[in-house]
Amino acid sequence: MQEIAKSFSGAAALIASGDATLFGIVLLSLEVSLSAVLLATLLGLPLGAAIAVGRFPGRRTIIVLLNALMGLPPVVVGLVVYLLLSRAGPLGALGLLFTPGAMVIAQTVLILPIIAALCRQAVEDAWLEYEEQLRSLGAHGVRAALTVLWDIRFSLLTAILAGLGRAAAEVGAVIIVGGNIDGVTRVMTTTIALETSKGDLPLALSLGVILISIVLVINAAAYGLKEAAQRRYG
Amino acid sequence: MILPLRLEEVSFVARGRAIIERISLGVEAGHASIILGANGAGKSVLMRLMHGLLAPSGGTIKWNGEGRHKQAMVFQRPVMLRRSALANVTYALALAGVDRAEREAQAREALAGVGLLPLAQRAARVLSGGEQQRLALARAWALHPEVLFLDEPTANLDPGATREIETVIKAFDAAGTKIVMSTHNLAQARRLGDEILFLHQGRLVERAPVDRFFKQPASAEAAAFIKGELPWV
Amino acid sequence: MGLIWRIAVALLLSLPAYGQDKFITVSSTTSTEQSGLFKHLLPVFENKTGIKVRVVAVGTGQALDIGRRGDADVVFVHAKPLEEKFLAEGHGVKRYDVMYNDFVLIGPRSDPARVAGTKDIVAAFQKIRKTQSAFVSRGDKSGTHFAELELWKAAGIDIAKDKGAWYRDTGQGMGPALNSASAMNAYILSDRGTWLSFKNRGDLTIVVEGDKRLFNQYGVMLVNPAKHPNVKKEMGQAFVDWVISPEGQKAIADYKIDGEQLFFPNASGVMVGKP
């Protein structure tokens, strides 16, 4: 327990020290995870909305599959993306392996099902309310789905934050496709893993405190934004 | 002109139950038609069949001409988008193919017509129930529909808001829009209607001008309904 | 869809480290990186040649596999039989000895197997087996793991058959395995470098060292550009050449933790310095 208490003061000391390496690692973590969230949102929201609103054979199977994929093990995603991006693999020519780009790809794959599945549920719930009115006004298919998507934008924030949480917290995918290269593909979670494996538990814990604090701040900001918007738009 | 609308032997079956049973009727322009009936008689389903939100299980529904946007419907619970009152109306105009340059002016005119212009920039979802229903009517007005369907539009409103809504409906009627409205408020039916279509257990049991229906109902079911002895079907 | 694709590509390309400065990728092992050698060695090379070195540190098996796939330009590991297999498969150009470090047997101060102070590692292993004292194995097909297995063999013990509850096969890297040993107060074979940097020692200390059989030889290979055309052969060869050159060898010898030298350069076949 003492170690956990010490980790907070350790974290504060680390931040105060202004260590360039640490800030580089934090910055890279944010760049990778936020990029993955952006891509997964751009792809996942339309996907979720389309499944929610569409009627096609196999729809229920796809919904079950999408929900199940939320539980994709990060290390498995990392392995599959690694095999794809490896020089010996189909996309080797892109030369993306062991770069932050590969990490973004892996994390996007990991969180896309989360964002799409949660969006699907939110749109499907809202669709019950909106469907008749929208069809009465003449909005169909894509047009109607996009209208609902925009209307429930603040609820979708929760889905997006869930994706961000998963991305920022995982280590299995980024360590395989990134290689945890010092100064190039080392992020917060892989650094924590590294320091733990070196036996430097206090440092690992302090880094953990910093990571959690950052995610906490992002969540608090998003919540505040959502509250303000709900007051404004109803 | 998309009227007259003709229903021939229309049925609607859901979950094994016949909700509408072999209804044939014609809807003509020129007078306000009120659909009356107890809860469960099939009023809402009939309106949705006519408006095209539901497909009949049997029979045919034929309009005289093409014109998706020549009909509009106002529901018991208004559904507004998470944007300003004005934006809700311009959204409907955009769907109807109105040029971007003209949407705002037409929307403002519609809002003014129902007395909501001061609230044009207010978020539609924070308006009161009565204001939202007026907004729904403004949205319908902006489309200049030939036919306006209303499904129990004042069921959730207090008497003051109800009066405001009825004023707008009368304005539609005066402007030549065909009104097709369901209600189970007999007094309201008398105030707004020219003819009554009485439904009982999914069948059109009686159709008569409003005065004759209330003074001398031809069917036993209608007589019982007016006397208030048919709370549920 | 087209818009989304363009955003995605722009995003991926804008991220740092995408094909800018000249660099090579070296696959090596976690124990080597964690010893701190690369942090000391690579800046010297980079200053001289301007070539940045990116080290991917994984287990030995994985490091060689990365080379097999052509995902690295140079392989730098310490498992000679596996390296020679790698060469035989045609994935490497030529193997050079670079340096060696040594393994040490770590154990609890209470020393239940009574092995402390002996210079005979094989005898020590036999005693541990006899007394059934707790022993942690890495079990991860790493160089260290192979060294441990060789020692059991040399002791005449078929560890696969003979292991009991006293033998803890953890499947972990060196650091986590040491953590486990510390928690269990068990014996464990470790490379000296990781032990020197290891902070969570608990009641553990070095009990056996200096036996020649504990020496751990490192080799370096350029990944074969004939098999993997994308290999940066000039820059990779420059690294290989430098590491076995007198200058590189001296840089290796200069690396010390708490005044102790960790790695002993032997590129020319001659050992420089003694443990």
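Note that the chains take the letters A, B and C in the order they are written out, and that residue 1 is the start of every chain.
Please note the rule applied: a contact is a pair of C-beta atoms (placed from the backbone, for glycine too) under 8 Å apart; a residue touches a chain by one contact, two chains touch by 3 or more.
As the structure is a computational prediction, the values presented were derived from the model and not from experiment.
In terms of which chains touch, the assembly is arranged as an unbranched chain of neighbours. When every chain is represented by the mean of its C-alpha atoms, the one lying closest to the mean of all protein C-alpha atoms is A. One simple way to say how far apart two chains are is to compare their mean CA positions; for chain A and chain C this gives 34 Å. One simple way to say how far apart two chains are is to compare their mean CA positions; for chain B and chain C this gives 79 Å.
For the pair chain A and chain B, the distance between mean C-alpha positions equals 46 Å.
By the touch rule above, chain A contacts chain B in their complex via residues 129-130, 132-139, 143, 147, 150-153, 232-234. Residue ranges of chain B in contact with chain A, taken from their complex: 48, 51, 53, 68-69, 72-73, 75, 78-79, 81-83, 91-92, 95-96, 123-126, 139. Across the interface of their complex, chain C is touched by residues 28, 31-32, 35, 38-39, 42-43, 86-89, 92, 95-101, 104-105, 179-182, 184-185, 194, 196-201 of chain A. Those residues of chain C lying in contact with chain A across their complex are 4, 7-8, 11-13, 15-19, 25, 30, 33-34, 38-39, 54-58, 68-71, 172-176, 178-179, 182, 194, 197-200, 228, 230.
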